[in-house]
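The following pair of complexes shares a single chain, chain A, combined with chain B in the former and chain C in the latter.
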Partner chain A sequence: MNKVIIIGAGPSGLEAAITCREQGLDVLVLDEYMIAGGRLLGQLYEQPDGTWWNGLEESKIRYEKALELGTRFLLNTPVNNIVQTNEHWTVYTDTESFTAKHLLLATGAAETPVPVPGWTLPGVMSVGAAQVMTNVHRVKPGNRGVIIGVNVLSTAIAMELKLAGIEVVAMTLPVNSQVTNESSQPKEVMNSLLHVSHMAPSKFIKLGSRLMKNDFMKNMGVTFFPKTGVKIWDIPIQLRKAVVEIYGDNEVQGVIVATIDSKGDVVGGSEEKIKADFVCIAGGLYPLAELAAVAGCSFYYSEELGGYVPLHSERMETNLDGLYVAGNITGIEGAKVAIAQGKTAGLTIAHHAGIPGLEKDIQTSIESIERARDKAYIQFHPGVKKGKELLLAEWQNRLGE
Partner chain B sequence: MKQRIIDHPVLGKIEERKLITFRFNNKEYRGFEQESIAAALLANGVRTLRHHEENGTPRGIYCNIGHCYECRVAVNGIQGVRACLTPLQEGMVIESGGRLPTTVRDWRSEDE
Partner chain C sequence: MQNEKMIVCRCEEVTYKELMETKKTYNCSARELKLRTRAGMGYCGGRTCRGMIDKIAMFQDSPKNNKEVSLKYQPPIRPVSFTDLGGVKQ
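Coming up: the complex of A and B.
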């Protein structure tokens, strides 16, 4: 029997593995991908101090450190089920099952799909798929791309595509529908873009974020938003146009865009074609928490955190004995927050495994999560701090019952 | 291999890796050992990984990280393998699934 099993070798899982090994616990990490690092692998951006955050390097450093410390890894190993029996957890994969007293779920996030007519054509992919092809596998997703969905992640990835010499001919909104809702309304998107403004050397957006502090100004901003769009890094961002259809015979050949009004409704007769050989869909991220649901964890819904998250304490414990969570499964944030959470989870597990004297380290690590959150370069939801506070209140509330 | 990003302004030159041979739908291709099947095929300009079981429309990758199952292919005779998660190996025989000979029965009307 293992002492600790960690599902997910992303930044949070790797950091938790390192922490547990440093405390002398036996650790097995399972991950279905062929490379350790999770979604950190594809990340690439310039930090405010001018250095580059190179996800491939950051992943490699942590993976090698975990290996050196004697962590056991099984990559290419999807986990299908977890079951709690007699004070231990059984983890099922395609070929084997493993047991441990302590189980950490560090499964990360997934992208929300946004159905657009024609989206099953080969050449249409999620924006994260294009990121992984480009930065991890070094294969171009295509030569001329259109990105549907304007948000923090798609803006960051558009810049990464550009960096790799791939042309992005347009970023536009999806058409307004029940599914897309807020992400197809120019005003809402403008709102969220204010939080990526620091990443973009575009005068308009930078100016915009200073000017549009109140709702009145935001409304004005959208009404006056130029039909031709603005450019970030030479990529035309069009908040007054939406993709109504992706076309092509057997593969993507282009998209049909139409002008939309400030509520996001299509203006009839304004359709035009844009040629492209790939299309990225960016619907945002949500916590990948299926295994926690299978285990019977209590859940909490939080828009700020990206959806349903397993109810958990500041110390990364769930309401089930021996089950812990860390990283994006607890809410959508950047990799540095995930790393800090992995550390806390590792220390908490060590504490429950009977290692004395960790209380102070646990408290310090919780403060580090806060600090990482405050300094985060990429914020997926402006209300994430508030979301975390509400979640913690709910945890304390339910514990009291 | 026209779709490879050889030089990158931040990530540098592509890492030298072992080139191997594999087959996809009875045609021979070359790719890097241990890269994903999906990446190797895309580097060769192949986007269509299968045709839909029911309506026969072409499909390729969608999420590229194992979540959506759009990329399922048969590898060395084993069906339903995700091309985006499976590392390429020398001599692999990969095949697309296609439209099934009998239609999948629609039970919905009976459930309503």
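Coming up: the complex of A and C.
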């Protein structure tokens, strides 16, 4: 039997593995992907201090450190079920099962798909897939792309595509339907964009973010948003247009865009074609908590955290004995927060495994999660701090019941 | 092509129109939508369309369940080949 099993070799899982090994615990890490690093692998951007955050390298450093410390890894190994029996956890993969007293779920996040007519054509992909192709595998997804969905992640990835010499001819909204709701509302999108304004060299957005603090101004902003869009890194961002269809015979040949009013409804007769050889759909991220659900964890829905998250303590414990969570499964945030959470989870596990004297380290590590959150370059939801507070209150509430 | 013909569940090829009409006719929950149309019951286990079924179920302000995941997850949460499932050696 293993002491600790960690599912997910992303930044939080790797950091937890390192922390547990430093405390002398025996650790097995399972990941379904063939390379360790999770979503950190695809990240590539310039930080405010002028240095570059290169996810490929950051992943490699942590993976090698974990290996040096004697962590065992099984990559290419999807986990399809976990079950709690007699005070230990059994983890099922396609061909084998493993048991451990302590199990950490560090399964990260997944992309929310947004359907647009024609989205099943070859050449349509999620924006994260384009990121992985470009930054991890170094393969161009195409030469001329359109990005549907304007949010923090798609803006960051649009810039990465540009760096790789791929033309992004437009970034625009998906057509309004019951399944696209906020992502097809110009005002909602404008609102969320204001929080990435520091990343944009565009005067319009920078100026706008200061002016648009109240609803009236936001409405005006949307009404007067230039029909031709504003450019960020030369990519036209259009909040007054939406893709109504992706067309092509056997693969993507382009998109049909139409003008929309400030409520997101299409203005008839305004349709025009834009040629493209690939299309990215960016619907945002949600915590990947399937295994926590199968295990029977208590859940909490939080818009600010990106969806359903397993209820957990500040120390990363769930309501089930021996089951812990860290990273984006606890809410959508950047890699540095995930790393800090991995450390806390590792220390908490060591504490429960009987290693004495960790209390102070645990408290310090909880504080460093807060610090990483406050300093985060990318914030996926402006209300993430509030979301975390509500979640903690709910944890204490239900614990009392 | 219009929104109506748009496919929501790729595995079972269930369209937006079919799901919206089912919702309007029966005013059903996410789970009932799934059982009536098979959306989310295909090969991928609802990995892609789960969230969309949830949203369609919220049409006209049907309330959201914020304490429990509305569509149940069932193991295996990833596809497993029959060979592996049966433990057959190749």
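Rule of thumb we're sticking to: the second predicted complex is superposed on the first by the 401 of 401 C-alpha atoms of A that agree within 3 Å, B and C clash if a C-alpha of one lies under 4 Å from a C-alpha of the other, contacts with A are read in each partner's own complex, and residues count from 1 in each chain.
As a working rule, contacts are C-beta pairs under 8 Å (C-beta built on N, C-alpha and C of every residue); 3 or more make two chains touch, one makes a residue touch a chain.
Just so you know, these numbers come straight off a predicted model, no measurement behind them.
Q: Sticking to the clash and touch definitions up top, decide whether chain B and chain C on chain A clash or fit.
A: Result for chain B and chain C: fit.
Q: With the two complexes superposed on chain A, say which partner A:Ala293 touches: chain B (first), chain C (second), both, or neither.
A: So A:Ala293 only meets chain C here.
Q: Would you check which partner chain A:Ala129 touches, where first means chain B only, second means chain C only, and both and neither mean what they say?
A: In the superposition, A:Ala129 touches chain B alone.
Q: In the overlaid three-chain picture, which partner chain does A:Thr120 touch, first (chain B) or second (chain C), both, or neither?
A: It touches chain B and chain C both.
Q: Go through the superposed model and pick first if A:Tyr33 touches only chain B, second if only chain C, both, or neither.
A: After superposing on A, A:Tyr33 lies in contact with chain B but is clear of chain C.
Q: In the overlay, answer first, second, both or neither for which of chain B and chain C A:Thr112 touches.
A: The second partner, chain C, only.
Q: After the fit on chain A, how big is the angle at chain A between chain B and chain C, using C-alpha centres and going to the nearest 10 degrees?
A: The vertex angle at chain A equals 60 degrees.
Q: Considering only the touch criterion stated at the top, classify A:Glu68 as touching first (chain B), second (chain C), both, or neither.
A: Neither partner.
Q: Quick one: classify A:His137 as touching chain B (first), chain C (second), both or neither.
A: first
Q: By the touch definition at the top of the document, which applies to A:Pro78: first (chain B), second (chain C), both, or neither?
A: Both partners, chain B and chain C.
Q: After superposing the two complexes, find the smallest distance in angstrom between C-alpha atoms of chain B and C-alpha atoms of chain C.
A: Comparing every C-alpha of chain B with every C-alpha of chain C, the smallest gap is 6 Å.
Q: Using the superposition on chain A as set up above, list the residues of chain A that contact both chain B and chain C.
A: In the superposed arrangement, which is not itself an observed complex, chain A uses residues 32, 78, 110, 113, 120 for both chain B and chain C.
Q: Residue numbers of chain B touching chain A in their complex, please.
A: 3-6, 8-11, 14, 34-36, 39, 42-43, 47-49, 52, 57-68, 70, 84-87
Q: Along chain A, where are the residues that touch chain C in the complex?
A: Listed in rising order, the residues are 32, 78-81, 92, 94-95, 110, 112-113, 115-120, 175, 177-179, 181, 245, 247, 286, 289-291, 293-294, 298-301, 307-308.
Q: Going by the contact rule at the top, pick out the chain A residues touching chain B in the complex.
A: 32-34, 39, 44, 52, 54, 56, 76, 78, 110-111, 113, 120-126, 128-130, 132-135, 137-141, 163-165, 250-251, 288
Q: In the complex, go through chain C and note every residue touching chain A.
A: 1-3, 5-8, 10, 16, 20, 47-49, 51-52, 55-56, 59, 64-69, 72-78, 80-81, 84
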